[in-house]
Amino acid sequence: MRKLGRKWRWFHRMGSPRWFYEITGGWLPWLIPLAFSLLAIGLFWGLFLAPPDARQGQSYRIIFVHVPASFLALVGYYVLAIAGAVGLIWRIKMSFILMKAAAPIGAALTFIALFTGAIWGKPTWGTYWVWDARITSMLILLFLYLGVMALQRALVSTDTAFKASAILALVGTVNIPIIYKSVDWWYTLHQPATLKLTSSSTMHIEMLQPLFFMICGFYLFYMLVLILFARLEILQREKSSRWVRSLVSEDCVI
Amino acid sequence: MSNIARSTHPGLMAYVRRDVSLSIRSNSGAYAPLLFFCMVCTLVPISISPNPQKLAELAPGIIWIMALLASLLSIERIFVFDYEDGSLEQMLIAPNMMAFPVLGKIIAHWLVTGLPLTFLSPAIGLMFALPNNAYGPMILSLAAGTAYLSLVGAVIASLTVSLGRGGFLISLLAVPLYMPILVFGTSTVTYAVAKMPWSAPLATMGAMLAIALVLCPLLASWALRVTNGG
Amino acid sequence: MVFPLPNDFLLEADDVSYVRDDMIIFEDVKLSLSEGEIVHITGPNGCGKTTLIKILTTIITPTRGAVYYKGRSASDVRYQYLSDLLYIGHKTGIKSSLNAEENLLWMAAADGIEDNRIVLDALSMMGFDSGLCHRPCGQLSAGQLQRVALSRLVFTEKHIWFLDEPMAALDSVSIKAVNQCIASHLERNGAVLITSHQPIDFHPVRKFELTNWCL
Amino acid sequence: MSNIARSTHPGLMAYVRRDVSLSIRSNSGAYAPLLFFCMVCTLVPISISPNPQKLAELAPGIIWIMALLASLLSIERIFVFDYEDGSLEQMLIAPNMMAFPVLGKIIAHWLVTGLPLTFLSPAIGLMFALPNNAYGPMILSLAAGTAYLSLVGAVIASLTVSLGRGGFLISLLAVPLYMPILVFGTSTVTYAVAKMPWSAPLATMGAMLAIALVLCPLLASWALRVTNGG
Amino acid sequence: MVFPLPNDFLLEADDVSYVRDDMIIFEDVKLSLSEGEIVHITGPNGCGKTTLIKILTTIITPTRGAVYYKGRSASDVRYQYLSDLLYIGHKTGIKSSLNAEENLLWMAAADGIEDNRIVLDALSMMGFDSGLCHRPCGQLSAGQLQRVALSRLVFTEKHIWFLDEPMAALDSVSIKAVNQCIASHLERNGAVLITSHQPIDFHPVRKFELTNWCL
């Protein structure tokens, strides 16, 4: 093999699942308490301390779950697609593992966003569902996530499954802006904007602060779950390797 | 000897001809997606409303959805037979850029699905009492749109080819990607019905088609290699 | 490897390994093929003969190792290599809605042959009854179908043949015809790589035994 | 020895269990027709109108058409895989009335297609702003109607099984036979929406279902024998 | 024929003819099979061996003639006859999404066997590696698949076996295993009807040559 430069050696070592497993093992003791305390603070603040909304009363408090979940659902797709692209271009196995881990998390977050949005819709709009541009594109995002998961599951050979679902994720990325644009445009065409999500600028500062905590908490929580899923996948894939066997014989838990 | 073989290897047009004639020969014939399109369109007045005014309102959307379904359900078969009988392996070891045969097959799919459907759409429009000024835009949008559907669908079909008749999996993967073209396609027709300028959505479709024409054959041939173990 | 191997083998597999789903199919396989040579790959069911042939034809990418064509990496001289090889596998690429002649004409086009006289001659040389020519291949018996597929051997101009169990389903008459094709190909300095569970009767056939790694 | 073999030969329930588990195992999974149903239903607001009032008007017809399509497109596979892998020949030489295995397979098809679709339909109804009083009739009509579709579809599928993936041919043959049930199904729901008594069309569907339940397995097994050369 | 033939053949084909699409596949074939006997149907590709077996198993109805089981028309004693025969054809009825054990368990149920110990024993007797048991059959090699299908022979209690080219794709070790199965079946007074293009090495094998009518 060609001699690799120093930078490249680092890059490829990072691609080693074992390296990832060991390094993230050191992060977990920090990440877990941090994520959960941020979430706890944000939730408590948002649900109990923040003042009720002038128009919506108490029901607005669902925002503290809805907005972070929607936000990370979108971010999650870029994580997925970038991980897939890196895996395809540099043939890094670890990147594929991260991609595989990102799909179910993203799907779950998207589902939470849709679900909380629907619950919120009932008191505010008087209906659970409306074909608003944003909501529709969120639904399509859920389908994209599910598609990546289904393809991953259906292809039996792991290598092929990784590469194929990465290609699918890439195609999906190209389409996300188009989908968003088209759906946005479609909505404004057919129906006057009677129902609009309250814009954040009108939000009270005392509501924004706990929301900020929740978003940070969700971010860390996302990272945490991604790492845990990836570690689980690594153990499964490398179960026959020596280092995993010695791990298991030491009775380590992930 | 190798040079001769190389230069004469069946290229794009050969694949177009072969695939078109294969689907004419196949049991259900080339007219199959077309028949499906007609059959399903007839279900609409029966189950929703036979009222001409209502039908006219629904027409652009219904025609477009049914065209999309006819394309979606037939695209599955673009590579799967070749996979099952071993032709795909022969394609993989053909000494030329694989994107050309793939593009050939995509064009053939469009010729037996999208194009006849486009030609037939005025008849359906007539049955649905579509206003006169909408026929032109409808034909143009269907022609460009079904080509886009064939291109994007081929990428998905090549990802799922080794699953045998993945059947509905392909619809989960393809429908989200089909959505934008559906929006632009129906807008073109509804704009025309509403006597608004309909060139903007049609132009967008054209741009999307141009990009897909370049990217999709490459992506599909890449995906075919990957799903066959390469 | 940076430099091409300094040798004259027509085809060489250099320490090829293949791992499928964490299962080693084979490891460090070394195999070479020269002009005018026939190699018979043997081994128990499931030892990876078909997989090896697909790796040699570049359909499957090996986990490790590389294939060399005339001393240069097959992936570097890909088109040159591909235009010099013929592969007939378990699945033969025959369309069941086309008849024998149409099927073969399509395959012949890959060799630059457009003449249907040549194709019909090939079919009759393989003992395929001309009365069956008008029937779609989906209506042929297992052996008749295999005869159609193997008719390619009569007219192809490719140099390296990869044949994966060509004799399965064939009767003794057709096996003789296939053997004749192979013999004349070898005389013309062609090379053949064949798998078969039946014995092959050429005198200078080199056996290459794949062991079963899975067990 | 022959008597033991005869009495223990896999019967109706064994076939139901086997086919359900096979479609759960298959690549696209048992949820596949369901996914198709959902995906296609989302196309409607996008291409026709997102206006809740309009959607509510369309809902019964659209839901029924899409259910029909999901059933139609999956019925093709009820026998074709068995035909291709040789299981069908084994079924033909099983020492019992062939109508039982066939009925078993039809029930399995309904369990993985019609039934989940029926359970999911309220969610689609919700998204289409269907009025509250229509949910009950919709569920009942879909449950009975999809069972009828599976039964009648199986007869068509057995006629076309030797054509391989006849694909669209099956839709040409089946759609005319599906029409009556579509009419009664949508009327049940639209009657309910209009607060009219909806039991008459539902009762008709029940009667049709009962007849189909007796005749279709017999017809299908007969057709299977004939198309296999018997 | 109105009266049953007065003889004791286990199976008899009486002047069976088959015409497909105005083409005579074979005419007036007379074939009988007694207990403890093996008959090897031979003939060139396309002479109608597979068709004949399908007629004997009642899958295909002959154009003329009839099949008799223990002296009575097979269509009269249909269920009795069917519950006494085993047919393994070119297509073996294996589901590619199930693994070997699940596939065999389903087939064993036809013999009233629900015990998966018996099935696993059969697999290992056919040389099928137990490490492959968890894999869906779609991921097996051609020979491994054939081994799974033929494992039925180990535990089946059917009397008459119809085997259509069972040896295709099998390696020599598995061929031996199949031969052993057949031998012990014959000892237990079973009957076997087999087609194969490879020679079959039992001493009292009766050859039945089908000539090619089509030509």
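Labels A, B, C, D and E are assigned to the chains in the order they are written; within every chain, residues are numbered from 1.
The working rule: a contact is a pair of C-beta atoms (placed from the backbone, for glycine too) under 8 Å apart; a residue touches a chain by one contact, two chains touch by 3 or more.
In this text the structure is predicted, and so the values were computed from the model without any measurement.
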| item | value |
| --- | --- |
| Touching both subunit B and subunit C (chains) | A |
| Chains most often in contact, by C-beta pairs | B-D |
| Separation of mean Cα positions, subunit E and subunit D [Å, integer] | 36 |
| Between subunit D and subunit C, distance of the C-alpha-averaged centres to the nearest whole Å | 45 |
| Centroid spacing, where centroids are CA-atom means, of subunit A and subunit B in whole angstrom | 33 |
| Multi-chain contact residues (two or more partners), subunit A | 140, 143, 146, 150, 154, 156-157, 183, 186 |
| Subunit E: positions in contact with at least two other chains | 90, 96, 136 |
| Subunit B: positions in contact with at least two other chains | 27, 163-164, 166, 169, 172, 175, 179, 183, 229 |
| Subunit B-facing residues of subunit D, complex | 27-28, 32-33, 35-36, 39-40, 42-44, 46-49, 57-58, 60-62, 64-65, 68-69, 73-74, 77, 163-169, 171-172, 175, 179, 182-183, 185-186 |
| Complex contact set, residues of subunit E against subunit D | 54, 57-61, 79-80, 82-85, 87, 89-98, 106-107, 109-112, 136, 157-159 |
| In the complex, subunit D residues that touch subunit E | 1-10, 14, 18, 22, 25-27, 81, 84-87, 89-90, 92-96, 228-230 |
| Subunit A residues touching subunit B - in the complex, by the definition given at the top | 140, 143-144, 146-147, 150-151, 154-155, 157, 160, 163-164, 167-168, 171-172, 174-175, 178-179, 181-183, 185-186, 189 |
| Residue ranges of subunit B touching subunit A (in the complex, touch as defined) | 152, 155-156, 159-160, 162-163, 166, 169, 172-173, 175-177, 179-180, 183-184, 187, 190, 208, 215, 219, 222-223, 226-227, 229 |
